[in-house]
Structures are given as C-alpha cells and as structure tokens.
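What follows is a single structure, and I will ask about it in a moment.
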Amino acid sequence: MAASLRHAIVAAAEAVEAAREPLCALDAETGDGDHGVTMAIGARGVKRQLGAHPGDDPAGLVRAAATGMAGAGGAIGPIYGRGLLAVAGVLAERSTGATSDEGLTLELLRRCAAAAADAVSALGHAQAGDKTILDALLPVGAALAAAAAAGEPLAAGLQAARAAAEAGAAATAGMAAAVGRSARFGERSRGSPDPGASSFALIVGALVDDALAS
Amino acid sequence: MAASLRHAIVAAAEAVEAAREPLCALDAETGDGDHGVTMAIGARGVKRQLGAHPGDDPAGLVRAAATGMAGAGGAIGPIYGRGLLAVAGVLAERSTGATSDEGLTLELLRRCAAAAADAVSALGHAQAGDKTILDALLPVGAALAAAAAAGEPLAAGLQAARAAAEAGAAATAGMAAAVGRSARFGERSRGSPDPGASSFALIVGALVDDALAS
Amino acid sequence: MLKKLLNDPFDAVDEMLDGFVTAHADVVRLAAPRVIGRREPAHDKVGLVVGGGSGHEPAFAGYVGAGLADAAACGNVFAAPSPDVCLDAIRAASSGRGVLLCYGNYAGDVLNFDLAAELAAGEGIATATLRVSDDVASAPPQDRAARRGIAGDLFVFKVAGAAAERGDDLAGVAALAGRANDACRSLGVALSACEVPGSGRPTFEIGPDELEIGMGVHGEPGIRRGTLEPADAVAEQMLEAILADWRADGVEGGEAALLVNGLGATPYMDLYVLYRAARRGLEAAGWTVSRSFVGEYVTSLEMAGASFSVLRLDDELRVLLDAPARTARLP
Amino acid sequence: MLKKLLNDPFDAVDEMLDGFVTAHADVVRLAAPRVIGRREPAHDKVGLVVGGGSGHEPAFAGYVGAGLADAAACGNVFAAPSPDVCLDAIRAASSGRGVLLCYGNYAGDVLNFDLAAELAAGEGIATATLRVSDDVASAPPQDRAARRGIAGDLFVFKVAGAAAERGDDLAGVAALAGRANDACRSLGVALSACEVPGSGRPTFEIGPDELEIGMGVHGEPGIRRGTLEPADAVAEQMLEAILADWRADGVEGGEAALLVNGLGATPYMDLYVLYRAARRGLEAAGWTVSRSFVGEYVTSLEMAGASFSVLRLDDELRVLLDAPARTARLP
C-alpha cells in the first residue's frame, strides 16, 4: 500500500486539473471565478517541481509540492505552500533520510493534518466555521485522530479521512464566509460550498484512492 | 388641397422619426446601421429649422428643410441638402414671393423631382440601378412626368408618385450596391432594399398623404 | 439591444464632447458646435483638420493638440460631420497657411468635407485633402485609393501633424500625409457587434463562436467569416493579408511601426497577445519593428476585436512619427 | 464562454507580458519571470513595487517607469503574485533605500506580499506596505482599512512614485501613499461579466437589462443590483455613495482629482458621458474638480462598466499627482 507518495501526489494534481471548470464555477458563486484555474496552475507547478526533484524522500516530495502550489499565487497558493511545508516538517522529523513511504501510520497522518491546520490558521487567521479550506482540513485531522485512537487499520482511517473531508466541504455550503475574498459576500455566500474546501476534499479523495489502490 | 407645405414637411419629418428603428435595421443589413438615427436627427433638424423660419414661402420652407437635413451629416445629409436646395431653386424660380401652395401642379412637381435627381446625381455620382435613393427618386420623376403629360388630376399624380417611390424602393432589393458604404458589400448587398431609397419612399408617402388629406 | 451608459441617444455625441472638453480643458476647447480645437490655437502654420463620424473615440477629438491636429470635426455616430461642422473646423484650424483635411475614405466623409472645402475656398482658405485608405480588406491592391480608412488614421494624422508643426507648407504636408498613407496597410478582426445609440439593435449578427477577418470599423463586411481560433492563428491570417498586400506592391520587408488597435471591448491582455504574434510574424517575414503602439486608437463603440496596422518607415516618416505631440489621448 | 483572442489560457499571462515588454522596450524590461522592471533601474531612491493579479491591465505593469513604479509583480489572472514573484519585484526595485509595497487590499495579495516582505527582510531589504482600500462599496466607513482597492490604485501609486522619485525616505513615501489612500474614495458599476481564461464561464451572471452598483473589479458583489438606467441617474447614485462616505468623515467638499475608469468593454463615449455627470454632481455638491482622468486604468478583463474615484487634493498631493512620469501606459 502507498507504494509511492510521488505517484499519489501526481494523481491528486491530475484530479485537480480535471476539475478546473467545476471549481471555477463554485468560485464564481462567491468569489472571482478563478479557483479552478489557480489550482490547476498549482497542480502543473507541483508536477513540474516533482519532475525536477530527484529523490523519493517524503519530506522532499512534499516540499517540492509546496513550492509548486505556492507558485500559483492567489490566496490559495501560500495556504497550500505553508500547509505543505508544515507537513514536510513533520515528515522530515520522523525519519531523516527516509526515501519511501514505509512507516505510514494514521498517527503520522494525524500529525501532518494537525501541523497543516495550524500553519494555515496561523497564516490566514481563519477559524473553523469561517468557510475556508480549514473546514475540510480540520475534520480530516479529527477523523484521523479518532481512527488512530481507536486503533483502526490504515485503510479504514484513510476512508474516514476522505469521508470527513467531503462532509466538511459539503457543510461549508451552510456557512457565511468570514475571511478571504468571499467574506465580502457575507450572507450572500451561504448556499454554495467553499471552493478551497471543495478542492481540498478532491485532493484528499485522490490521495486516498491512490493509496488504497496500490 | 395642400393647405400647408409646412404641415406636410412636419408630417414627413415625423414619419421619419417614427421609422427610426426599422430604417436602422435595413441599414444594418448592408451598411452601418445608422440610417434611421441619422434620418431622425435630420428630421429633428428640419423641424427646428422650420420653427425658426418665419414665412410660409415654399422655397424658403424647402431651403430650411435642406439646412435641417444637411446638418445630420453622413452620406444622406448632403444628398438631401443638395436635393432640397435644387427643389427650392425650382420653387423660387416659379414665383418669387409666393407664400402659399397655390399653383401646385404636377408639372411643377415633375420639375422639382428632376432637379433633385440631377443634383443628387451630380453630387454623389450615382446612376439608376446603383441601389441608392435615386432608384426611388427617378421613378417618382417619371411617374409625375407621365401623369402630367396625360393631364391627370393632381391627386392621381400624387398617388402615382407615391406608388412609384414604393416600387422603386422595393426594387432596390434586387440590386447590388455600386456607390456609398454598401458598395463594399457588393453582391452581399442584394436581397434587402436600400435604406436611403426606403426612407425616401416613406417621405414621399407622408407628403402625399398630407397633401391628399387636407 | 446592447447595454449602454448613456442618456437620450440623441444627446450622446454632444454630452460626450462636453465631457471631453471639460476633462481635457488643458489641451482642447469646443471651438464651435461639434468642433474640438486646440486650447491655444497655433499661429502661422498649416492647419490640420481631422474628423469623421463619432463612435471611434479616441478618434478624432483625442488627436487634437500641439504636434498633431488643430481641429477635429465630429459627426453623429457613424455619420460624417456636416459641411457646416467641417467648415467650422477648417476655420478653427486656419492660421493663414492653408488647411489639410485628413479623414478616413468613406462616401459620407468625402461628400461633406468636399462641400466644406468649397465653402472654405469661398472664404479664401486654401485646403488640401488626404483620405486615409489603409484597410486592405476593403479593395484590391490595384484599387488602393478606394479603400476605407481604419486605424492607419493614427499614423497618417501623426505624420501630417508633425510636418505641419515644423512649418512645412500645405503641399508639403499633404504630400507627407499621402506618403504615410501609401506606406500603411491595415486589417481588422471583429468578434462582436456594436450598436449605434438609438438604433435599437447591433449593427450585425455574429455567432457565439464566430469571428470575421477584415471587418471594417462600422461593421462593413470582411474577407472571411470563420470560427474563433487561437490568437496566434488569427494574427497569422491577419498579418498574411497585410504582407500579401505589401508583396503585391513588390515590398518584401523593411522597418515597420506596428499598431495593434483595440476596437473597443477587447482587453489589453488579448491585445498584447496579438501584438506578440504580429511582431513575431513580421520579423519572421523579414521586417524589423522599430516602433510599437498597442491600445485603443480608432474604435467601433463596444465592438470586440482588433486591427493591425503596419507603417513602413523611412527616415522622414520615422522622424515625424517620433516628433513630440500632446493631445488629450496620446502622450 | 466569452470570446477571447488568446492562445492556451495557461500561457495568457506570460504571452501578454512578453508582448508588453517587447512593445515597450523603451520603458520597461522583464526583470524576472512575471516581474516588469524599469528599463533603466533607478539609483539611490526608495523603490516602489506595485502588483496584483493579472486581468486588470494597464494595472500593474503599465505603471512601471520613471516617476512611478520601479517594478510590478504580476500574478495569474485574478490571483495575487506568488511570494517568489513579489520578492523578485522587490529585488528589482531596491536601490538601497528600502522598498514600498503598494497594492490593492485583497486577502491573496496580503498573504503573498507579506511573505515576500519577510523574505526581503532576510536579505536585508527594508520594506513598508500600503494597501489601497478605496472602494466604498466593500466595507462601511468605520472599517475603511478592510476595503478593497480598485481604481484608486492610480492615485496612490502616482503619489507614492512621485514622492520616491524626488528622494523622500521610505517612511515618508509610505506616509504619502497612505495620505493619498485616505484621501481617495471610489465606486464601480458593472454591466456585464468577465471571464477568467480557462475557467469556462463568466464570473457572474447579470441580466440583459441589469446593472450592479458597487461591484468590485473581480465581480465581487456590490451594494445594489438594479435595472439599467440613464447614465446621469447611474452616475448620481455612484457619486452619492462616494459623497456620503466623505460626509461620514465630516468632509463636505474640497478640491478633487476625478477619475472615470473604464472596466474594459465600455466605450469612451459612455465614459465621457459619465464623466460629465460625475463632474456636474461633484460641483453641485460643493467640490471643485482640478484634475481629470478618463480612460482605462484598472480594468476587469472584458467587463463592461466603470468606476468613479475622487481624490481629495491638498497642496502636496496635487504636486505629486502633477509630477512628471513616463510609463508604458501613462503619458
């Protein structure tokens, strides 16, 4: 399982690229209609950075992905950039010099999610309920924590993470945006899900699918 | 009959203003879509000039109308300006100091139409069949000449003039424009009637209606 | 009906010109109704009158000022200015050394300006006329004088204005304007229609995935109606039509000023992408591009689309094009 | 999908910038990927970096040049430039006396420029930041700092650029930029939507007879969706929102610079008619208008609509606004 983090990241990037137009449509509801394009540019950047990154050490791969996403700019670029750097930090800490995905545990993933959420929250000053990517990311962390605490197998924990991301993203439809561009839509932003939370759920889904398939 | 040339000119001006959009639609087929607007601006100018013109001498009224139409500019402004000045010349020649429409005859009208056609043709270098206002104006002259030669009553001659203008304008639909803006449409200009011929037929109709009604 | 931010359509031109002279009172004034003159009329030089129908802004009022035109005669939308307006413009531009009338070659403009020139002669003002005829889509090479004038106006006006400003006589200014016109080839592409205010409808119909290459600035028909293609492909076809026209004149290259002109609704993003393609194409064809203009110079109200103009430079045209000018809409 | 004259949408920004630096090589250069710098970098002055997402041309690249910005950081369409790009712009603008970062107040821009400022500090380049927040539709008067930045960019950039050019220090330039921002109020109206290349659809829907007053330059919601009205009525509502905002600050009049900015597709005819109405309204409200700008300064791709910006002038702001500048898109 999870033979290749590189493979999983590429799969997620491609899922993002394929969702370009629907993600733009979501952003058109409450933002400026560019989210799918910006994410697709980020995904291309990620693939380019991965291509230029020789090793297969998880921390290095995630750092490469961080660079790729940050290069897309917009609000979402630095959010992924910082979040992924925090994940890379957790991975690097775990095993300096690790070059494969050996040792992938729910506990490790929980720590990654928590670090990412802290970094994103610190950067963008958003809280749960503000209708952002955090509303999909925090539930993923919670699901992983619960699964880890319950001693569930990795696959079950991954499925729970995916379900949590999807439910979190779906729940943003009921929220009014409190930060970012959509905040100016206030109450008018209710009714359609947050684009950043939605694309994050898509990524989690693609990563989990790839992990489970291999 | 023909109690007031002033009244007839105003009636014609108002008929033109009312046809603004359909005349633009015609011009959009083979030109630049402004003919109805330019004619309406001319019609407003005519009414303004008439309002500022104290007397009721036919030549003076027609000169005022010439000034009004010329002020609209475009291709059509100078054409009416020159044409109407030629008409005013005929009227002035006939009776210096005349202040009413007494003496309106088919022969006089024939001379007016001929003078207008000569002036328009001299100015714009168009011939019969070139798909211009001349293709409605020349038939009017011919109809008036025929009616006058046959000794028909004024009313019958006027009706014949109107019918000739309408038939002439309708016949332009089969022509390819040879002068003016539409000439660049070449063969593509066939199929829809010439806007200038059409608005001229409208004016003739309004003048005749007014003359017959009074 | 297209959406507009206007009041009564019959007031649009006068309100626009009122706004224009108020906004740019440091450069221009309303010299007479529908006539934009320089704020400080020039002395002892050949006058340059430009003009035509409205709806092509910044042409023509935007080109009045030191180093360029002395006066602009402004007609109704897409309708040439009347002889009275043209005559007032000639008077405003005249400082005793004659006046060049420079305008796009359209039947209405010819009629009205010619009549005004006659009237001016009656007042003792000598005039010469140069009709801009740069649109290669509007007539074949052997019939160049019959072509209509589009964005090449900019080059011809600028050259004439600079020649007049430096003191050339009327024949000389007219000859240089003619030289610029002879050295200019243009072609447009339209993506959407415009609408004459008050007409109730757009001037032509064009499908949601169509474009028309060669369309004129009033919606006159072009040389090819096709489906929308990438900018590079569109630019290549446009440029090829221009280059073919040059080749028909035996010209295989040279030094060019390149103008990519927006028709009204097309964003700068698209204009610069087109410029890039046009420039590459010109260079690949053996030309060098030494002067570049990108922006809205001769528009068609809210029409989407663009035109390319290539002015073949020689030493004199280059100097005149580079000469300083200060108008409301040109640096 | 709206019609565009572009190639691969992913190449649009880079191709546009390539065209831009090629067309205006006398004024600008590509200092780094996505960074437009002056052709001749300035020495020994505070640097001014402007920037933001693309799609607002001539903002931001068009404002680079002597007397104005030193560098522009250009993002993807409607997406702030990444920290790397911002940092490269800071480097290009730096000549040892610190760099002011001046951009519209949007979450994405704040995040990216702030990260770049941290990186610059690590390289020993001091920065200050001024976020333009002129759009009265985007937050109430008591929350002015939360407002987004629209066409007021022009005024703030111009004042900052002139202050930097004359040699003011970083704190001084930042303070003057802040003074210009405090003295500026803007409001927009949109008639049609724009489309991010590659997104497949316009950013919002608006009926054939609708307009939205207060809409932002990326299609952010405004204060009122209504039916199309005559220009004078629309202008009156826009101006009243601006004047009400001034009154909330206790300002009942003054000397103004007035900018009527086209969003992309709106013709000059409409812009000048709007200008006329705005100016009359301002004067009727007790203001004098001593400087006027009409044209496209901060656009939203092919969006139809316009914005008004009122800069309340004092002696210093007037001098800085009038100071000479030479950029690709400003005289």
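So that you can tell them apart, the chains are marked A, B, C and D in the order they are listed, and the count of residues begins at 1 in each.
By our rule, a contact is a pair of C-beta atoms (placed from the backbone, for glycine too) under 8 Å apart; a residue touches a chain by one contact, two chains touch by 3 or more.
Given the structure is predicted, the values throughout are model-derived calculations rather than measurements.
Peer 1: Taking contact as defined at the start, I'd like the list of chains shared as neighbours by chain C and chain D.
Peer 2: Under the touch definition, chain C and chain D have no mutual neighbours whatsoever.
Peer 1: From the mean C-alpha coordinate of chain A to that of chain D, what's the distance rounded to whole Å?
Peer 2: Whole-Å distance between the two chain centres: 33.
Peer 1: Which whole number of Å gives the spacing of the CA centres of chain A and chain C?
Peer 2: 54
Peer 1: Using CA atom averages as chain centres, what separation in Å is found between chain A and chain B?
Peer 2: Chain centres of chain A and chain B, defined by C-alpha means, are spaced 75 Å apart.
Peer 1: Hey, what residues on chain B touch two or more of the other chains?
Peer 2: Nothing qualifies.
Peer 1: Check each residue of chain D and list the ones that touch at least two other chains.
Peer 2: 77, 197
Peer 1: Name the shape of the chain contact graph, picking from line, ring, star, complete and other.
Peer 2: It is a line, because the chains touch in a row without closing up.
Peer 1: Determine which chains touch and list them pairwise.
Peer 2: Listed by label, chains in contact pair as A-D, B-C, C-D.
Peer 1: Contact residues on chain C for chain B in the complex?
Peer 2: Against chain B, chain C makes touches at 9-10, 53, 75-85, 106-108, 111-112, 115, 138-139, 148, 195-204, 216, 218-221.
Peer 1: Considering the complex alone, what residue numbers of chain D touch chain C?
Peer 2: 1, 3-8, 12-13, 15-20, 22-24, 54-55, 57-58, 62, 77, 189, 191-192, 197, 208-209, 211, 228, 230-232, 234, 264-276, 279, 292-296, 299, 301-302, 304, 306, 329-331
Peer 1: Within the complex, which stretch of chain B touches chain C?
Peer 2: 20-21, 24-25, 28, 31-34, 36-38, 40-41, 44, 70-79, 81, 123-124, 179-181, 183-185, 188
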